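Letters A, B, C, D, E and F mark the chains as written, and numbering starts fresh at 1 in each.
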Amino acid sequence: MKLGILVNEGPYTHQASDTAYLFTKAAIEKGHKIQRVFFYHDGVYNSNRLTEPPQDDRHIVNRWAKLAKDHHVDLVVCVAAALRRGIKDENLQEGFRISGLGQLVESGIQADRLVVFGD
Amino acid sequence: MLHTVNKSPTERNTLESCPKHLKKGGAVLLMEDGVYGALKGTASTKLVEQALKNYPIYALYPDIEARGVQDRVINGIKLVDYSGFVDLVVEYPTVQAWL
Amino acid sequence: MTEATGGIEMDENTSGKVKKFLYVNRKAPYGTIYALESLEVVLIAAAFDQDVSLAFLDDGIYQIMKGQHTKAIDVKNFSPTFRALEGYDIEKLYVEKESMEARGLKEEDFIVPVKVLSTAEMAELMQTQDVVLSF
Amino acid sequence: MLHTVNKSPTERNTLESCPKHLKKGGAVLLMEDGVYGALKGTASTKLVEQALKNYPIYALYPDIEARGVQDRVINGIKLVDYSGFVDLVVEYPTVQAWL
Amino acid sequence: MTEATGGIEMDENTSGKVKKFLYVNRKAPYGTIYALESLEVVLIAAAFDQDVSLAFLDDGIYQIMKGQHTKAIDVKNFSPTFRALEGYDIEKLYVEKESMEARGLKEEDFIVPVKVLSTAEMAELMQTQDVVLSF
Amino acid sequence: MKLGILVNEGPYTHQASDTAYLFTKAAIEKGHKIQRVFFYHDGVYNSNRLTEPPQDDRHIVNRWAKLAKDHHVDLVVCVAAALRRGIKDENLQEGFRISGLGQLVESGIQADRLVVFGD
C-alpha cells in the first residue's frame, strides 16, 4: 500500500516527529511504499542540517536523512513554512528537498492513506 | 475510520471530543500522551470504557511502557506496536488525527 | 510561495482523480499558527479540483468569528480570507452545533455562511471522506 | 501573586487548575487564547464568575479584540493593554505562568 | 553544555542572595520535551545555592512514575535523574494530592520520595516563592 | 524595576514570543529595565538569522534584534536547547548571544520579576 505522511511538529520538542519516523520505518519494513513524507508547520525544523543533539540522544534529522538514502523516501519541506522559520538550502540537510504545498495535496490524492502526526 | 488521539485526557479536550464522532466501523488508537487515556482508575476511565462497548480501542504499547503505566491498562484495550499501528492504517480506509 | 504541482518521482498523474478532502479545524486562531497555515493549504488545494470541505468544531469555530481586530497584537487578521474561499469554489463549510452552544455562539456571529451540523452529522461527514487533514 | 493563563478553557485544563491555587492577594490575567475564558455565555463562564467574587481577574484587551469577542466580556473583568500588563507585574510580587 | 555563571552587563553579584525558586511541573514526560528541559534547568540551578523546590501537579506527576521503559520509543529515560537530585541538595519535591487521585496514583508509584500536599497547601507553597518557573 | 523575561516558544507558531516582545517593549517605554531576555526550548528559534516571513507579516527575529540595538537589551539563547535545534553562531542573528542555562537562573536571582511566556 502507498502511504503519505505529514509531520506538523519539530524534532525533540514534540513526540510527533519520533512517532512519524518509527511508523514510517515500520511501514517500510512491512513492505509498504512511502509515497512521501511532507514536513509542515514546525515540522520543517526536522530538516535543519545544523542540529546537534547530545551524544547519547537520537539524531532525528540524520535518522530521516538515512531513511531517504536507504529507501529513496521523498522528504519534502514546505517552502512557505520553511522561509517563515529560517530553513533554506544553506541549512537544509541532504536527503530533504524544499517544495510547495501542492506536494501535500498531491500526497492526499496519490497515496492510499495520509497519516498526520502533530501536536 | 481510524481516529488517533495523542494528548492526555487531563490536559486537553481531545479524548472528550473524539469518541462523540465515532460511527460504525470506527476505531480509536491512543498514542503518545494519549495513552494516559487508556488507564484504569483515572478521571477519564469511565468515558473510555463506555466507548469500548461499541468500538475497538487500541493503544500504542511503546508509549505505554515509556510512561511506566503498563500494569494499568483498561481491560479490552488492544495493545499494538508500530507494526500493528501500520496494520491498523491499512485496515481502516481513512485516518483522522485529533490534533 | 512556490506552487509545485509537479515533483520528482511522481509515479502517476493526479489529474482526473477526484477525492473528498476534509480539513478539520479544531484550534483557535492567533494563539497558534495552525489555523492560518491550514487555510494556506486549503487555498493551494483549490487548484487541484478536488472535492473540498471544511469542518469547524471545538475551538476551531473561533476562527470564523466576525469583528476580529488584530492590529494591537501585530498579527495579520486572516479571517477575511474565509470570505474569499467562495471564489475558489470552496463552499462547503460546516460548523458543529454543540461547539457553538458551548461557546454561546450563533450563526450570525460568523464571517461566512456555514452549514450547522449536529455531532452525529459531523461524524457522518468525517466518515465519508477519502482524506482527512488536521493541523 | 499574579497568575497568567494563556490557553482556552475548552482546549486545556489550565483555567480549571489555576483558580484552585489562588490565595489572598492573588489575581489572574487571561491572555492569548486564555481570553476565551473571559467570555459570557460559555461552558466556563460560571467557574470564572465564581473566582471573580474573591479575586481580581484581568484580560489582555489586544487579545480580546484580535479574536472578535470584545462585546462578550464578563462584567467585572478588568481590561488591560500591554502597558497595564507591565503594571500588574510590578504590582504583584511574583508571577506564575500556567503553561 | 556551557556553564555560564558570568555574563555581560552583570550589574550586581549573584553571590549571597538566596531566593526561593519553585519549578512547577504540569506536563507529562515524552509527549513533549518540557519536562526534560525543565529538569536540565533544575540541575544547573543547583550550582547557584538557591532555595529550590519542585512542584508536581496535574499531568506533571506522571514525570516521576516508576517503571518507565523508553527503549521502544527511542527516547532517553530521564526519570532516574530525579533520584539524583538529592545529591545536588534538592530535596523539596511536592506532589498535589488531588492530581494523584484524579490519576489513581499513590505515593509508592513514584520513583522518588515526595511530600504530598493538598491543593490549599500547594497554593500556599506557590504564594511564598520569590521566583516561579514553568515550562 | 528590573524585569527578566523567559521565552519558551518559537516565532510564528505560538503567540508566546509575540506577547513577550510586546510586553518587553511596553516595559521599556514605561522606563523599566530589562535585565535579560532568555530564550529556551523552541524559543531559541527566535534568533534564527535565516528567517524570512512573508512581506506583509511582522519579522519577529529582526524585531528582537532591533530591541537589542536600540535599548541594549541582553538577548540570550540557551546553548543546550540551541544545539539540539540547530541554532549556532553561523545562523544566529546579530544582537543575540548564545550562553548557558546559568544565565536564566541568574535572571531569577537578579531581576525583581521573572516573567515566563510559553505554550
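The rule we apply is simple: contacts are C-beta pairs under 8 Å (C-beta built on N, C-alpha and C of every residue); 3 or more make two chains touch, one makes a residue touch a chain.
Keep in mind that what you see is a predicted model, and the values were worked out from it rather than measured.
Asks: Kindly list the shared contact partners of chain D and chain F, in label order.
Replies: Output, common partners of chain D and chain F: C, E.
Asks: How would the chain A/chain F interface be labelled, same or different, where same requires over half of its residue numbers to be shared?
Replies: Comparing the two copies, chain A and chain F contact each other through largely the same residue numbers, since over half are shared.
Asks: Considering A-C alongside D-E, which chain pair is linked by more C-beta pairs in contact?
Replies: The greater number of contacts lies at A-C.
Asks: Report the inter-chain centroid distance for chain B and chain E in whole angstrom, where each centroid is the mean of the CA atoms.
Replies: The computed centroid separation for chain B versus chain E comes out at 29 Å.
Asks: Nearest whole angstrom, what separates the Cα centre of chain A from the Cα centre of chain B?
Replies: 24
Asks: Could you please state the distance in Å, as a whole number, between where the Cα atoms of chain B are centred and where those of chain D are centred?
Replies: 33
Asks: Could you check chain A for residues that touch two or more other chains and list them?
Replies: Residue numbers touching two or more other chains: 8, 12-13, 15, 19, 22, 41, 57, 80, 114, 116, 118.
Asks: At least two other chains touched by the same residue of chain C: list those residues.
Replies: In chain C, residues 27, 30-34, 58, 73, 75, 130-132, 134-135 touch at least two other chains, as defined above.
Asks: Two-or-more-chain contact residues of chain B, please, as numbers and ranges.
Replies: Residue numbers touching two or more other chains: 6, 10-11, 13, 32-33, 62, 81, 94-95, 97, 99.
Asks: Which chains are in touch, pair by pair?
Replies: Every pair of chains meeting the touch criterion: A-B, A-C, A-E, A-F, B-C, B-D, B-E, C-D, C-F, D-E, D-F, E-F.
Asks: Within their complex, state which residues of chain A touch chain B.
Replies: 1, 3, 8, 15-16, 19, 22-23, 25-27, 29-30, 32, 113-119
Asks: Quick one: in the complex, what on chain A touches chain C?
Replies: 6, 8, 40-41, 72, 74, 76, 79-81, 97, 99-106, 108-110, 114, 116, 118
Asks: Inside the complex, what are the residues of chain D that reach chain E?
Replies: Residues in contact with chain E: 1, 13, 17, 20-23, 25-26, 94-99.
Asks: Could you pull out which chain E residues touch chain F in their complex?
Replies: So the residues of chain E in touch with chain F come to 1-5, 7-12, 14, 17, 19, 21, 33-34, 37, 40-41, 44-45, 47-48, 50, 130-135.
Asks: Using the touch definition up top, name the residues of chain E that touch chain B in the complex.
Replies: Answer in residue numbers: 27-32, 58-59, 62, 65-70, 72-73, 75, 77, 79, 102-104.
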